[in-house]
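What follows is a pair of complexes built around subunit A, which joins subunit B in one and subunit C in the other.
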Partner chain A sequence: MGSLSLSRIMAVTSNTFREALRQRILLGLVPFAIVLFGGGLLLRQISVFQEVKILKDLALAAMDLFGSFAAVVMGVDLVNREIERRSAYPILARPLLRSEFVVGKFFGLVAALGVNLVLMTLLLAIALWAMGSEMTAGFLPAPYGIFLTLVLTIALALFFSVITNSILAFTFTIVMVIAGRFSDVVRNMAEVLPDIPRAVPQALALALPNLQNFDFKLRAVYSDPIDPNVLVLVTLYAGFYCMVVLALSVMAFEKKELV
Partner chain B sequence: MRYVCLIVGLLALAPLQRLINGVLGEFKEQEAVLLSWSGPTMKKLVPGFEGPVADLFWLRTVQYYGGQRVFAAGKKFDLVAPLIDVTVALDPRMDVAYRLGAIFLSESPPAGAGRPLEGAKLMKRGIAANPTNWRLGYEAGVFESDFLGDYVGASTTILAASEVPGAAPWLKSVAAVLLQKGGDRETSRAVWREIYANSPEEFMKRSAERRLKNLESLDRCDRIAEALASYRATFGRFPATLQELRGQGFRGPLVDLAEVPLAYNPQTGTVTVDPSSPVYQVVR
Partner chain C sequence: MNQALSALEFRGLAKTFKLGPWHKAHQALADVTLSVTSGEIFGYLGPNGAGKTTTLKILFGLVRPQNGQITVLGRPHADRSWRAKTGYLPENPYLYDSLTPREYLTYAAKLSGLPSQGLARRVDETLDLVGLGEARHRQIRTFSKGMVQRAGIAQALVGDPELVILDEPMSGLDPIGRALVRRLILDLKSRGKTVFFSTHILADAEILCDRVAILRAGRVVSQGPLAEILQVDVSHMEVICTGVVDPATLSAVEGIRVASAAGARLHLEVQNSSLSQAIAKIESGGGRIVSVLPERKTLEEVFLDEVQGTSPNRSKVASWEA
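What follows is the complex of A and B.
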């Protein structure tokens, strides 16, 4: 049992995926659809000359906000709930490494939120079609960027849920997500706080997840071309950041005493 | 008891809000937002959500100044510029905000703020933010020509727009005509007819329609001026009212295209579109 087994990770992943669906994660699609189709009708009524653009903005903001919220709430519960309900004990008593448990949990929630995001994108495509518009390939980097944001958020939530209790994990994750969205402000902190050493804000900016990297919303709405190299780079950034956070989570979970 | 509380509470909310609006004013919130947050500040506050927040400001602008919905009565045009400023600071690509904003700013009251200089400035800002949008450059030139009377500037702006890849091939000839015959009513009419025929947005068509009606009304003024000159040649004075021209066989209309009587000065014999008319327009 010494080395990581992909099949065992997959087993935990599919279990977590099903659990997420049982938690009715897809129910979020109902208000999303109402916002999309209701919003579309309303925008037509008030003649704002920018109906399609506003609908895209609205949909992407809803995907981002709902997805991030779900990622934080469900990510924080991912391991903690299993421990608090003691349902993790029989699982870990089986031939399963703790690292496999953590990684499997992570990918299970990533898959669930990914499916949710794909369905939201499809709903938006239908809403755009109903308005006589269409979703081009140039739009897709925006939901992809949101997906990468959610992946990082889940990783962070999982990490904090392993090292602390649910309430603190929720708070820390929210703080990290907000700070990540203001990463330019953190980087430029020295401009307004000249007394602190320059290395401090730079180190902070490096340590925090730079969620601004994944924001293609405004460019996608106008179908501006996005360099594929940029997409590759941000994917790599998300991948490496997740790797670091997951490694820390695994290390913390392996040292955690389950009583 | 809980149902009584629920119903009383719900019934009280609407009249209470009306009372609050009566004391604080309907647009208090909007003004407060504008006073405290500039465009760049707003941009910093909502990273990743610039698009929907720009839309929110845009919706407010259209609802307030679009002349068709809830806030249409009692427009305060001093809020147009800051509202548009926040909108385009958040989303500099929203070309409709520059175009509609410029119209709101440039049109003479009561249709607009009567500040065409600010309107032209806004269009220039739009061109800077959207260098590949030739229609924005074309419309900016039309604004300079018709609202500011700057035909050389207009011609230069349209010529620059014609250099944008994909620009309509007729832009160069419009620029040349403006340079040669700036101020010519027929040129202006041709330009506004083109905008009326080819603009996808209803507001641009409305503005073009208004300008065309203004030009047609000015034609009517010209015909009356000829009749007045003839009257003066006969009687040695101008008539006391335009109705007196009917006695001399003048059959043309004495109202503008909005059916508002034309303004007449019997001392000088000048006829103009009445400033209170919806088709009145000042050219600086």
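What follows is the complex of A and C.
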């Protein structure tokens, strides 16, 4: 077993990033822009003084929805498609480690969806400017939280795609992402269902990604300031969770036979 | 065989797959042992499902063998350093179709550890070599099947490998593409590279290979220098003639068989003992001798004998009795 090479990981990352862009991931920006600017015009007609808040709310929801959908679909395809189409064969025949392949693919998609999110945020800033408002720095934790959600979603989709087929991976990832958005319900399960052992909700709460941690949308819309320490903590949580899921993905992929 | 000259060696390679919902065991490879000498062109032949692709997947770590040892370029299989000096074309390659061949080859070259200095030149040279220089900026999705195959060959060659492994390199190529790949393979040999390729197209193997191995149901049933495998049958001669007025008079003579006829041109199989009689008969029948050669088996005949499990001698006897 050789040692990890940063240059090989970077090569896989940049190739995955380029492929994602060529697959017209950025085309998602078009409906987003239509929703944003069309919605802005409409809101001016039907709401008084609330149009900026509603637009921010609408835009963040669209960023979250589109980003999560893209993260699940593209994350599931990230490794599986390469195996099904056999495009991974001449790549893995090189001095590239399977772990480098998995990690490189992961960061490539994270970068592509990250760029997409940045562009969406810029479009929102332009729409706000067009409405005579502005996007302050206090708003940015909201798209940052969405970004961390997408990173975890990609990691989960990648993991499931390595251990099972595309359809099941898609299903499992969706279930995890939805459950992760209701992690407080899972944690409080013991109170609703007192008969189940306490270890079950505790284990579930640990295993599921707590995506509520990253939801700053409402606070950002209402300009409620967010403590920078909270941002550091959620970043550390996302990093740790991703590391564990990526390590499991690598272990599973190392054992996988590419028949 | 001299160990120092061996570019690739399989010893006792075995692989069993578990197929279907009941995990029924299917032995894909059983005790495959062969050695490829440095600088030679080695043909790995076998019908569909014989285990050729499985052998190559094991070589590149895509699947794991149950048993066996592999040595590549004198290094043990677990030592990954040989991979940088090896190029691999999988069967029916699917390349990243949203990339251009130039981008794809650059990616492949980086993964093989080529230094960035001179990398662009090396990529362009390789694309020119496979005849894709003009298409270097087109997305692979716009390529024909033959062009994709050539791009696949280019990615195998971009790292200037010492050992080139090609799984069905002629697949999907038109006659011009096949001629180009044949020329490439011979060029690699002339530059001291070792080429190991699997193929169904026996005519190509016959033209190109120094040695071949024939695989049947996961077992190597024959291997050796092509000249030895395509043994010369000294008991028979191949006579080609034209202008014989009545070919039926030739068939009536013992030891002469009309193997094929194309217009006025006859292809005869003649026992050595009947050769002078056959020549006299042709000339007296108004014919003209075009050639008289010792009969030589084609690789296709050898291949069919081996994969059908028929003895060459028995099939010969049968054809004479027919």
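Criterion: the second predicted complex is superposed on the first by the 256 of 259 C-alpha atoms of A that agree within 3 Å, B and C clash if a C-alpha of one lies under 4 Å from a C-alpha of the other, contacts with A are read in each partner's own complex, and residues count from 1 in each chain.
The working rule: contacts are C-beta pairs under 8 Å (C-beta built on N, C-alpha and C of every residue); 3 or more make two chains touch, one makes a residue touch a chain.
Given the structure is predicted, the values throughout are model-derived calculations rather than measurements.
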| item | value |
| --- | --- |
| Partner chain in contact with A:Ala199 - subunit B first, subunit C second, else both or neither | neither |
| First, second, both or neither for A:Pro95, with subunit B first and subunit C second | second |
| Which superposed partner A:Ser7 touches (first subunit B, second subunit C, both, neither) | second |
| Subunit B versus subunit C as contact partner of A:Arg86, first or second or both or neither | second |
| Which of subunit B and subunit C A:Ala137 touches, first, second, both or neither | neither |
| Partner chain in contact with A:Asn15 - subunit B first, subunit C second, else both or neither | second |
| Residues of subunit C touching subunit A in the complex | 17, 57, 60-64, 80-81, 83-84, 86, 88-90, 92-96, 98-99, 103, 107-108, 110-113, 139, 152, 155-156, 159 |
| Complex contact set, residues of subunit B against subunit A | 44, 47-52, 54-55, 58-59, 62-63, 66, 68-69, 91, 93-94, 96, 100, 201-203 |
| Partner subunit C, residues of subunit A touching it in the complex | 1-2, 7-8, 11-12, 15, 18-19, 22-23, 85-87, 89-96, 257-259 |
| Subunit A residues within the subunit B interface of the complex | 46-50, 53-54, 56-58, 60-61, 64, 181-182, 184-185, 211-212, 215, 217-218, 221-222 |
